[in-house]
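Naming follows writing order (A, B, C and D), and every chain is counted from residue 1.
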Amino acid sequence: MATLADGLHLSVLAAAAEPAAIAPAIGLYHYLFVSAALFALGVIGFLTRRNLIIMFLCTEMMFQAAGIALIAFSRFHLNHTGEVFVIFVLTIAAAEAALALALVVLLFRRKETLDASEWAALRG
Amino acid sequence: MLSFLLIIPLLSALAIGLAPERASKGLAMLGSLLALAAGAAVVASFDWGRGSAFQFAAALPVVPELGVTLSLGVDTVALWLVVLTVILQPLCVLGSFSAITERTRTYYASLMALQAAMLGVFLARDLIFFYVCFEFTLVPMYVLISLYGSTNRRKAATKFFLYTFTGSIIALAGLIYVAWVAATRVPDAAGWTFDIATLRSAAQAHLSPTEQGWVMLAMMAGFAVKVPLFPVHTWLPLAHTEAPTAGSVILAGVLLKLGTYAIYRFVLPFVPVAVVEYAHVVAALSIVGILYGGLICWVQRDVKKLVAYSSVAHLGFCMLGMFALNAAGVQGSILYMINHGLSTGALFFLIGFMYERYHTRSLEEVGGLGSKMPIWSTFMVFFMLASVGLPGLNGFVSEFLCVMGAFQSGAYTLGPGGTAGPLGPWYAFIAGFGMIVAAMYLLYMTGRIVFGPLREPPGHDDHGHGHAGSHEGGGLPADLTAREVVVLAPIAALCLFLGVYPKPLIATLEGPVNDKVQMVLSLGNAAGAAPAGAAGGER
Amino acid sequence: MEAIIHPIVVYAGLAVGAVGVAMAMPRPRVSPQVIGALLAAVGFGVIFLFLGLRAGRDNPGVFFYLFSLIGLGSALRVITHPRPVYAALYFILTILSSSALYLLMQAEFMAFALIIIYAGAILITYLFVIMLATQAPTEEQVEALSEYDAFSREPVVATAVGFILLGVLTGVMARGIQEIRPASGEGQKQAALERMPGKIIESLRSAGAFEVFLEPTKQDLTNAQQALVNWTRGEVSLRLRPDGGRRLAKAVERPEFAALFGGADPARAAADNLATASDADVVVRLPSSVKMTNIEGIGWDLIAKHPMALELAGVILLMAMLGAVVLARKQIEIGEAEKAQAAAGRAGGVGIGGGGVV
Amino acid sequence: MTGLMGGWATLAAAGGGAAAHAAPGIPAPGAGSPIALLLLGLPLLAAALCGVFAATGNRSKLPAFTSVAALGACFGIALMLFLNWNGQPATARAFDWISLDWGAGKGQSFDAHFGVYIDGLTLLWMLFVTGLATVIALYSMEYMSHDVGLGYCRYFAAFNLFVFSMTALVMGDNLLMLFLGWEGVGLCSYLLIGYYYKRAAAVAAAKKAFIMNRIGDLGLLMGILSTFVVFGTIEYAPLFQMIASGKTASGAELASHWSVWGIPLMFAVGAFGKSAQFIFYTWLPDAMEGPTPVSALIHAATMVTAGVFLIGRLYPLFTADPALIALSVVAWAGVITALWAATIEMAIFDIKRVMGYSTISQLGFMFAGMGLLTPTGAAFHTFTHAFFKATLFLGVGAVMHGFGGQLDLRRLSGVMWMRGFGLVGIAMLVGSINLSGVPFTAGFFSKDVILAQAFTTPGTMIWGAQAAAWLLLLTAGMTAYYTFRTFLRVYVGPREFVPGDDAELLDLGRHPKGVSLDEWHAQHGHGHGHGHGHDDHGHGSDHRAAVRPDFDPTTEEFDPHPPGWSMKAAIGLCMVLSILAAGVYFMKPAVGNHGGWVAGMVGQSSAAFASPGEHHGGAAEHAAKLGTFLGYDPHKVMYYVSAGVGLIGILIAAFLHGPRGVWSLFIGNRTSAAVAPRADALANLFGPLTRAARNKYYVDEIYDALVRTPLRVLAHIFHILDQGLVDGLVNLCGALPRMLARSLRPSQSGVLQGYAVGMAAGLGLILIVVWVLMLR
């Protein structure tokens, strides 16, 4: 493990070694941008897709985005807290997947469709 | 000691919630009887010599940073109201046995929770605790009305909740303002406190007359809705009509008294200047309520609504006495709280018992029950007379004292029997017409429902035991059962006793009431709102 | 923001990306998915290009760009692919690339956990459900798609909202991270070692230090925590065995032991000092191999700092399991007529769907 | 006659040297015997026992026995108290009722005890109340026997409660206690009028009585409160002392204080209400819906005289006013009532109502007596009236009882000659001559005291006293006329009757089961029978035995059933008592030496008052001061005049209504029960006036139009306002947010992604705000 990690050039560590060259955390920003982009794509997917399962997939994607951001900050701060939170995020994602899929199955059984707009009982 | 009074109902509410459905009746009965025993213990160990002091004080800091404390204590006034509550509760439970047959767990749990909240109001010595209890009464009552009421119950429950809640929020604003004044303007204030005694002295010393006016307006906005005073009474008939029997009994018997009690406890001592200045306005509204409510009663078709409107009229007397600001008036007012609770509560019981048998409350459909239900009719006439204010029954003592208070108040120019105060004989005279109107509507009610030829709703099986099968109140005999008599008999006995020998109450209330009246008048008049030298009569 | 990337570039790139994503969304008639994907790639590519240019020697390296683009590309495919199964498969690709990004950030454990849990377990469940809930196309309509898969809902509005959010996020982040400073040195990350006496003692034992210094008694092990007071300087104080001085003097001749004392000379000096005072403490330098692995660090952090959260997570999982069981078991009482009506409603509405099961 | 004249002379000659209307000081009360409290306790106990009987389902006459025993014991106690009485007022106290304290000063405590105050007035009233109550309870034992069971218990419970209330009213030692009794008798009156609660008319009458009384009660209550405020006490003893001292409690001169006329006026309103005086009187005729014994006791003899008692009790206050305003009002109210009621009586046909109006009229006499400064006369008339009016009512009751509730004097004739009704007829005759004021009867003496005083009282003291006296004299004549009109039509003449259809009869079980009331009426028909001296079938003595389910009304004729032993005994007793009542006029009074026993009793009470007709000096002064009656001394002339007026009235009655050929002196022309040509012709002559009088001058209708209907309309308006305006405003407050919410409603599409878009956009918005505002 350690060898693999050492073998790659780690921008985060490099930035840490030499503070405030251009910006203190420009390496971090790369990862955060990816995270934000993934999140935005998740949001867009959630908003546009009408298949309940895909919508849940999109939420999982947003979890991924959050995970990347958490790991990036964990690396940036040189502690394990972020990683620990990714574990929790994974837990929640798993729980959500279990419940959500059960619900989807239930809903599907009731209306024989996965279209989210079929379920609009909250219409005012 | 007092905490038992809160813990027992709460615990039994909890136990009812956890226990199986069939045990809830028994648990509720047990809990209410235990509460009654606790109440009796408090009465037995109360030091009557120091009636105006708060006894059995207990305090448990809850949020020390904000000065919120769970502090308890009773003086005589609170104690008698506590006694009223613990006496009515087992009767309400007993009276519901046959009326409530479904979802009994929620019902009895709500009933017990309601009792805890009401007792909390009477026992509270801390503003926040008081207010929390005051508001919490709405929740179980809402449940009782909206789940167990009659046809229009949802609307009634919502209206009841929103109306009284809106009022009390305004009252809370006023009270918090007082607390803020106490925390900021009192020179050596140690941060925030909600201790009622501290707040009282702070309010008396540090509120300007203008502020007092506004604070009184805010407090009255909340408490007058609860009472209810004339223009803000419309929730009451609706709530009463729709509530289940025990709900109506508690509502009329105790819940309305929370308003008057709060006025006695907060409005009078906190803002004496404003009280003296605006008492005539409140009294005028009370009198309007007496006559207006009474006349409306007279044209009701729904007997329960009639009794509900009569509460508006009756509580008008109560408020009139309170704002007479003299010993007779305030005493009468407090006695009125208790007596009205008994007699009107009993009337609601009676109507409930009738409703269980006929499933209607319309005076058009039911009538002349005197021949069919002699026991019921006897009780009906008895409590009607108590409500009319017949001397010898409890209603008269309080009504007389209220009217007398209003008459004396400010009549010190007429003779030594008059006292200082903002009202006068004319108020008493006009309110006296309310006594005639009361006779009119109550006799109208009795004349239709007890007397006259027997009228029963179509389809009602009029052979003695005819409820089995076709009606859901099945199994009830034509006249009252022993259980129902047991519900009514103690109230009747109390009505009679308090009518003939009210001395135990009057003698014990004398101390606190005289102190309070003295305080309010001296402070109220010191600010120049009433002629100087009027306070205390010609002492 | 200028310090990291010029805003104009970001917004221009995002605008192009937004147009691309909007175009790539599945539509009933014309859906220029390829053009959309290319546009999106151009948009994001421009941003990455400028990011890389500005980073200079902080550049995270080629693997970052590679995996980022794979991840974002497959994410785009997830949200645009009309067939749920493919979408799920693309999502696995997203997960794989993000786990590669984890690896780049030295989060080895999480990287593999992600693959195992997400790609291995969760997504497979998704696939099952997708297959359960989606009818296989019949013979005559090979390309039949569910209407709700074929048409996306308000793609332009959603994309606009998503990209505005993204723009704001990037702006805020760019502004925000200028204020924070990264932690310095490895020490912070290894700080938990302080509280891991077993690890230290194990490493010392593996260096053979115990022969010299310590009776490996239980007492010593519990006292070791006190002993390791000065770990931040990479030093550890240890108590000599009764005959330790003599043994030490002999041991310093061995080069790996000398290293423990920072060289042969300090070691000899220590040995000389200690030859007389047999039960004195000595300060030794930890071997360079004593480091916490990533998995140890996470484990320690999880147990030591977040026990409550861990328990809660367990409870949540349990509840989710129970919930899923309860929900999935529920039998829906649905009348045939109602079912038919629902199907007819769908069929009459669009006419594409494969709702003709009943 | 000479003896009588002498008696009158002594009455006129006596009197003290005190100022004309300064109340003689009333001595401070001594300690009374606590036995007096038993007068309150015994009836209450009996009432409670009746309740117990009801609860245990007793179906015997036990309640009646209990009541008669308890009331008899009460009478014994009252008698004992009277015999042991030393002439001084006394008090005895049971326990505190309402007592309040708010200071140490004068008037800063309010005390109302359960206690009794015994003086002459009290004893006088108690004697005839308990005595008559006992007799009438005895009468009721039989009269109510058709209702043995629950109703019987109810009747006697209310009856006993009434006696308790009356006792409290009369004996209470403070005004609040009086108020307790005052309302209590009102209640019992309500319960007993409404005894036949299935009859709508009875219920309405009961309600009317209670409410009318309540209006008066308001006046009384205000009076009590004013008394307390002005005098600082409502207990009689200190109150009388204060009044005697001529100062109010705050030291103001009482004579010039508003309260000296204000407070008596308030009390007068209360008295008018209870005693059915003008404008409040309409409830009393309707109250005849109650059982006849109740009418006899409550609505003739006792309760309705409470107003007279009240004025007598507070006579010191009434007379403290130099202008005597309140007494003038009382006097004129009495005079107008007496005249007004008498005119109605002359026209109506319902014999029980005749008695009701007659009571009103006689009460008017009593009030006039009070107002015209002869409390002795008023009390004496109350006393005698109680007996003879009770006799009359019991007699009417016996007729009612015997003829199925028939009360129309055109459908009854010659009752006196029917078997078993002889005693009733004699009793009626005795009652009638009393009421008419035939010389040497009790009614004659008591009425004369009032009339003579009326002519004596100068107009300077009581406004228009002379006119009042003339009107009273006219009324006395009318009284004689209507009394004998009833007597001559019902009790003598050809024997005929049409049985009534009263519920009391129907409850006897005389109509077979399964036949509705209406059907039975139809079958029974009118003109059913000229009853003819049937043999008594034995159901006179025991009505239960008369219940024959197989009774067929179409074939069997109606038999009048004469009263049984207890009714006869009661009627007889009352008759004897009303004869004997005349005797008390000749007893030596305890105080002074004229006016008889009653004068002595009154003289030893709060109503003690030196009437202005008494001599204060020489004959010249006397003549100058007093009014005259056509130039003669009214004291001397009044006997002849009033006897003459009475006889004229009786003659007219005989002329118009007397049966043909029965009386040798007057050739009457009535040929049958319904036909009296002269009377009918006279009635037709007055046409509309007669009709108006028969309809009680439409006073009920006027009240209805002026008070009840407007109030009812107002109540409906209030009800609508309450729901529309007051509640409407509240609902509007609720509706405004609802309208707002409704306008925002479409934003909730229910589609999941709609909300998600909002969420995402909202998040973006928040971030923009954060970015722009905080991070820049």
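The definition used in the following text is that a residue touches a chain if its C-beta (ideal position, glycine included) is under 8 Å from a C-beta of that chain, and two chains touch if they have at least 3 such contacts.
In this text the structure is predicted, and so the values were computed from the model without any measurement.
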Chain nearest the overall Cα centroid: B
Inter-centroid spacing, subunit B versus subunit A (mean Cα positions, whole Å): 60
Approximate Å spacing (C-alpha centroids) for the pair subunit A, subunit C: 9
Distance from the mean Cα position of subunit D to that of subunit A, given in whole angstrom: 95
Centroid spacing, where centroids are CA-atom means, of subunit B and subunit C in whole angstrom: 65
Sequence positions of subunit D contacting 2 or more other chains: 753, 757, 760
Multi-chain contact sites of subunit B, meaning residues that touch two or more partners: none
Residue numbers of subunit A (touch at least two other chains): 43, 47-48, 50, 116-117
Interchain contacts (touch definition) - all pairs: A-C, A-D, B-D, C-D
Touching residues (chain side subunit D, partner subunit A) in the complex: 745-753, 756-757, 760
Residues on subunit A engaged by subunit C in the complex (per definition of touch): 1-2, 4-5, 8-12, 14-16, 19-34, 36-45, 47-51, 53-54, 56-58, 60-61, 64, 67-68, 71-72, 74-81, 83-84, 86-88, 90-99, 101-106, 108-117
In the complex, subunit A residues that touch subunit D: 43, 46-48, 50, 55, 116-117, 119-124
Residues of subunit C defined as touching subunit D within the complex: 153-154, 157-158, 161-162, 164-165, 168-169, 171-172, 175-176
Touching residues (chain side subunit C, partner subunit A) in the complex: 3-5, 21, 25, 44, 47, 51, 54-61, 63-64, 68, 71-72, 75-76, 78-79, 84, 87-88, 91, 94-95, 98, 101-110, 113-114, 117-118, 121-122, 125-126, 129-130, 132-134, 146-149, 151-155, 157-159, 161-163, 165-166, 169-170, 173-174, 177-178, 180-186, 188-189, 191-192, 291, 293-294, 297-298, 300-302, 305-306, 309, 313, 316-317, 319-321, 323-325, 327-328, 330, 332, 334, 339, 342-343, 346, 353, 355, 357-358
